[in-house]
Amino acid sequence: MLDLAIASQILWTSFATSSYFVLFALAFALVLKVNKVFNFAQAAIMSVAFYCAYVAVRVLGLNGFFGLIACFAGGIATAIAIEYFGFAKLRTRKASPMFVFIFTLIVSQFVSYVLMLIFGTWPTTIFPTMFWPVSLVGGIAISAWDLPALAAMATVLVLLWAFLRFTRWGQFMIAVADNADLAELYGIKKDRVMLVSMAIAGAICAVGMFLYGTRAQVQPSAATELMLFAVAATIIGGIGNLWGAALAAVVLGLVQNSSILFIPSAWQGFMLYAFLFLAIVLFPRGFHWPERASKLKRKTVTTLPASPSEANGG
Amino acid sequence: MEYIVTIIILVGLFVILAASFDLIIGYCGLISIAHPIFYAIGAYTSAMLAKEAGVPVPLAMLIGAGAALVSSILVALPSLRVSGDYLLIASIGFQLGLIELAKHFHEIGGAGGLTNIPPFLIREVGREAYAVLVVVIAALTVWFVRWMATGPYGRMMSALRDDELAFSMLGRNAIWVKVSVFGIGSAIAGLAGGLYAHYFRFIEPDQFGLLASSAVLTMVVVGGMRTTWGPVVGAIVLQLLPQAITFFGLPPSVLGPLQGIMFTGLVLVFMFMRPQGLVAASDLWRGREGGARHD
Amino acid sequence: MTDVLRIRDLNKSFGGIVVADEVNLDLHAGRVLGLIGPNGAGKTSLFNLVTGVVKPDTGSITLDGQSIDNLPIYQRARLGLARTWQNLRLFPSLSVLDNVMLGPRDYPGERLTSLIFDARGVARRQAEEQDRAHSILKRTGLAGVAQSRVQDIAYGQQKLVGVARALMNDARCLLLDEPMAGVEGQAYGAIQRVVRDIAESGVAVCVVEHNVAFVRDLCDEGVFMFAGKVLARGTVGELIADPRLTELYFGT
């Protein structure tokens, strides 16, 4: 019954659509690694980025290039604002992780209500149409969206990798991710590094939202679900492991999209929550709340040069 | 008159929700915002039992609370065994997942909601009697939370919040305490759900989502965590404010987001301007037998 | 002489760092054993292994003849294992008295079922424990600060609160992690006296301590640890006199 052509078509489409999932997961995992925050406010960053592009293209009538610029501007500005006015203030006040988390959640809700008030709850897209010309390659329909999307994803992956690997700021980010206080002792300005990391996450979200918004309809509350997908991928991929999160996002995207072969499409939305659950039940070791993990270090073996959680590769 | 009675009932229900949520997030320090889903479980269970199985309403409400208790333990136990912080993700997944699920079950009304829920007390005695019932249960909830928080149990929760490892080393089972408190708080929310269902007689999945979560969270944060009166003040203020803006006669497409902005905006303002809330908690725990104490 | 705690062939390493290397150790009722050795020798790690904070790679531990290998921390504590912490780990949101009141290993006032169904029994136990707490506070010289918050009292007194809290457990075996570090004046004598008294009441005590004078005055016996190994056991005087150990201790 399962036609090979249909199967490969679904696989290809799933793979192509996983491009934005990967980007959202990367952004989420990056902020978790460097800023040590479970940043649910990423939904706000994503929504603002989308609506900036929407305003540029659909309201002001600019072309797609300016739409992308607006998307970047919106995403980066929101990310920086959240870090500068929120996280940085909460850090100085030594707010508890719970407090910071509530902050991220409330920000994402706040922004989604503001956007609802402005744009309504009607779903919309960046370009008037979300249908892309299709060409057949070996029996598989490849849309004109697919390849640029995958190329954009690959570019972001390579750029991020190179940035972390070869640039000074990238090295700073890794140092802060390892041990922010120690990095500070070496003269690395923690607050600056965290600002940069949020800005990069904002930019990645912008690329992701531009891809998503040119292919699917968006409404102010849509980003929350997309972000929860990134959360699941991050948990499964392992905290602190950006590439693991990206890979997990691809796998989850494939599973969700190909699920259409086995279950009614109405239930597809439910898959996300099943992922979240399974991630926690099956892959708990991939997941550590960052603040707690560092507390645990101090708790366990104080006389040791290396802490057990580090030694376990956690 | 009916309007005022309805407002009193809503305030009462939110006092129950906020006080029981304060027990979980404030006193026990458990990070979860999924409180409304246990409210929903209580509401749906009670409504379905009364409507389809003809179970007497008070009994149906209690079973609803029981269902909330059991499901909360099922969510909390596996996640808390790994780490306290898992609870948050697990419970959000549970909340949103269950709402998504409910939308696809036509047997419980689907996305359109469950209608014609059997009323309770309203026809026999009157709406005022129902309001009295809700207010009494709200008062009992506030009293119960205070009783737990100021007794030895409250002392234990304070210690657990401060330092879980030292707490365990004193022979206390941290997971059990957390699961118990989570279960109790959720069961109370479930009871409130039953009280909601049999008065308003209509429930729909979307009313138990993230907007409800931020509303309850706001009540506790704005009112003041870990205080007896904070959640009460928070529930009254935040229930009356959105009511106030309904008088402007705005269309629902504006009213909904506006209420959302108000809830979340207030939390943001309070988080930065007055993190302790309207009613500030002392950072030193005091038991109720504290008469002889002096500093 | 009864063995209260018996450690057999205990091994634990984190990555490449060995914190317990074939450790065999017995703690006897009524005796105070001193654990000495340089930083990183695995002394605190041993406490963490015994109390269940860290799981050993191999080896077994018994308390009063009963294996505790598979028990979580809180169950070990309920069997009569109590400890203090190097970095105190007091509860800052509780007063001194309330910190100590959390010490009893089983407290019906913290069980909801007893609270609801046996209110009278709970009240009786509560009064008993309160009396016991007050007498322990008196013994440790903390009676005057019972109502203070723990962060408002002197560091030495904070250490004593940790000891008092552990005493409420009525433990069979008490592990003290650097009780004297940072302590001077009155608290010094108080801690020494209290530990002596506990041991005389039949508790097995083990002390990790860098203050050699304190260890010598207090401990019946000492154990020298280095790199996770127990190198020598004897009177503290003998251990200190051993040039080989002194070299390791102050070594290169």
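Letters A, B and C mark the chains in the order given here, with residues in each chain numbered from 1 onward.
Keep in mind that, in the parts below, a contact is a pair of C-beta atoms (placed from the backbone, for glycine too) under 8 Å apart; a residue touches a chain by one contact, two chains touch by 3 or more.
What you see is a predicted model; the values in this text were computed from it and never measured.
Visitor: Among the other chains, which touch chain A and chain C together?
Guide: Both-contact set = B.
Visitor: Measuring between Cα centroids, which chain is at the maximum distance from chain C?
Guide: A
Visitor: I'd like to verify one number: the distance from the centre of chain A to the centre of chain C, where each centre is the average of its C-alpha atoms, in whole angstrom.
Guide: Comparing mean C-alpha positions, chain C is 47 Å from chain A.
Visitor: Could you please state the distance in Å, as a whole number, between where the Cα atoms of chain B are centred and where those of chain C are centred?
Guide: Each chain's C-alpha centroid was found; their separation is 42 Å.
Visitor: Using mean CA coordinates as chain centres, what's the gap between chain A and chain B in Å?
Guide: 31
Visitor: Listing for chain B: what residues touch at least two other chains?
Guide: Answer for chain B, listing residues that touch two or more other chains: 165.
Visitor: What are the residues of chain C that contact at least two other chains?
Guide: Those would be 53.
Visitor: Among the residues of chain A, which are close enough to touch at least two other chains?
Guide: Counting only residues that touch two or more other chains, chain A contributes 299.
Visitor: Would you mind writing out the residues of chain A in touch with chain B in their complex?
Guide: So the residues of chain A touching chain B come out as 38, 89, 93, 95, 97-99, 101-103, 105-107, 109-110, 112-114, 116-117, 120-121, 224, 228, 231, 235, 266-267, 269-270, 272-274, 276-277, 279-281, 284, 287-289, 292, 299.
Visitor: For the complex, give me every residue of chain B touching chain C.
Guide: 151-153, 155-156, 158-159, 161-163, 165-174, 180, 184, 283-285, 287, 293-295
Visitor: Report the residues of chain B in contact with chain A in the complex, numbered from low to high.
Guide: By the definition above, chain B touches chain A via 25, 29, 31, 33, 78-79, 82-86, 88-90, 92-94, 96-97, 100-101, 104, 165, 210-211, 214, 217, 221, 253-254, 256-258, 260-261, 263-265, 267-268, 271-272, 275.
Visitor: What part of chain C is in contact with chain B in the complex they form?
Guide: 51, 53, 72-75, 77-78, 82-83, 85, 89-95, 98-99, 101-107, 109-110, 112, 115, 122, 126, 147-149, 165, 169
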